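Once you've had a glance at the structure underneath, I'll fire off some questions.
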């Protein structure tokens, strides 16, 4: 089901075919091996310039992309938008055109506005990679999530057909949820979304998911449960319950975890609020694959850079 | 007219001869080619240590120097003076002597005080490069500006003899203007300065320029018009008109642009305040070489690093 | 007296034997030569990942470790904890486990809490290097101090036997003092501590030091005087005299310096408060080895990285 990769940008997962997703995941499996070598470095992107343009802070995602680029031997520039000309009123378009004038090969963009990477892609010569845009998508996170599931629940055809995956928490404003949903449904998984009705409105059913507001329905029979991070900074808004109430209704406690199938994977995109989304023992327990997700994220990002670079050469 | 390069520092353009400027520009032309290669990297500065000591923020200039050094295979350290011992009351001299104790080969200094790089050069063993000092000079910007003009208006002898170049805006406090003026006049260009009389006082005529306060006189017959960035942060000072008034008197509108010769180049050091110094259509139009300036800046900075490094070896 | 290195972490000097310290110092001497070469780079750590996890700011120490790693050809990531998930309430343990999931080989930790690196070492797979923890230890600083002394006052057996070293200033809260004391006493030096009784309590005698509150007793007959930096930010606390009073009682003036033996070394970990701990002429005079300390710090840090890396391979 693997297909040739010929996209110039990686903007979202919504527009990828199952074949394209599988091509990315297969490449990531190769790169995962590089991280286990004595010398964790390959020359694939030597002499290429990668710019981390993070208009919204995210140390973890930035470091993961930075290391991915360094291990591919690229030159990496971190562009901190807090001290940059963006603060002097320059437009994002002008910033990116200036970076491209430096012969940048890749622009990795994190931005608080949904659609910002798509906007760039309309005029950019370089490869644009979406590292998270508003509440829209976070494609490398979606890919690392399906990569991690596939490693533990392999199917001969490389898909996730028939797997039951529950995503629990603040779905409405989550770019991780959206990218997960696109990748999972494209690969044939059955997705259940769970959270309070203010944060998991019924219209998500149109994305091909089941919606429930009872945690038990999300846990029973699931092959994977993915708990999203509660954005504590959004506390106090009308739509958002307080943390304690949220944890008591939707957090994974040891008592609730007894409902899980013994081989059900527990996932979380990090950083965890221990005792809120998950009790500590479960985050660190033998069903948890949370740290594997981090490892796989680096492999997935190396694969993204590698495949986009190849596309530029028409290969 | 090329001469051998044997300076240890690059502090200003005022003290460079025409031959030295041409040597730098010729080297930059070679390095411009590196940016267009598949592998944008040469080993010239392998094992050398370049320190970006930016006591005043400038993301664009820092990135351009950082990439120049990386493409020459140097090790680069970004020293952010905002979180550094400079805040603990250490003197600039002590900071630099400490960096030199780490065997730094190059100190690239951005500083709000005019003359700071010259002060360093009095005791520094390493190569000091002025990346902008107060309202004094910004030599790499001046070089990239004359490089860009020379690419479009070549003369057999490598100079800019007889070319009419107008610089428009806040001349009085502009380090870009000063470096441009020195480089342009050294290479034989005829320079006109234009802006309100508070910002373009008559004494600039002593630098060999014509001074006018009417934009039409700066536009008519010019081969190049270079619009300087309005520092909005200086708004409200007694000498500075408000932005709207400035734009209406000295901004390049489409209607005013009709006065320009069809092959007149439109330049701006960036970042542009669209609709203030220039209307957007002109910034992006076919007379604009603004993005080429950025590309050329990287080539010029590679040439500076390369030639200074060679000087150290007595070559 | 050299012994084989087989520690996985470098957490403190207290637990090192004299033989281990000498092994580190001997390795550092080799690496000091790399800094004087035309190409300051060796391939020893190629493909290794070094993370500078600085939860407390320290530009100088961070740059020294960063350059040490780059000159060993490692990939280096600077993790600025001010903008990171640590601010989102993630625990230090989770942060480090996430970094290790990226196959980090080295975590260089600076932290305001004493004992933080030891805490990490309880679960970390990677090599943990203490780059300063609270008022506990700063082992690379202690090593560079004894390295510097040993270069100037060599003994055939590589120790500092019989040398008289005085440490003057705020001992109580100083991690530098503690690491110095452990390294110096282990190598056989006779250590005198000097400062006001609030900052140099008598219980330091239990560490094998002489304690005095009269500067003259610290200066007379000393082979080395090491002035610690006054933390001006601690001014105003009840235990701390004002700066002027401190300087007049414990600062090294030219008049006091006449008591020093002509070959007595003057040291300071930097950055210096000129006119407080030391008069400027003495900081820059021919007895001062303050800038050598900086140079030696880089060599020592290369040696630490190199030896820990070798230990991982069981060599």
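Per-chain residue numbering starts at 1, and chain names A, B and C are given in the order in which the chains are listed.
Keep in mind that, in the parts below, a residue touches a chain if its C-beta (ideal position, glycine included) is under 8 Å from a C-beta of that chain, and two chains touch if they have at least 3 such contacts.
The structure displayed is predicted, hence computed values, not measured ones.
For the pair subunit B and subunit C, the CA-based superposition corresponds to a rotation of 120 degrees in steps of 5. Of all residue numbers seen at the subunit A-subunit C contact, under half occur in both copies; the interface is built from largely non-matching residues. Chain centres here are Cα averages; for subunit A and subunit C they lie 41 Å apart. Residue positions of subunit A in touch with at least two other chains are not found. Touching subunit C in their complex are the following residues of subunit A: 35-41, 57, 59-60, 63-64, 66-67, 70-71, 232, 270-274, 291-292, 294-295, 298.
Subunit A makes touch with subunit B in their complex at residues 46-49, 75, 77, 79-80, 83-85, 88-91, 94-95, 97-103.
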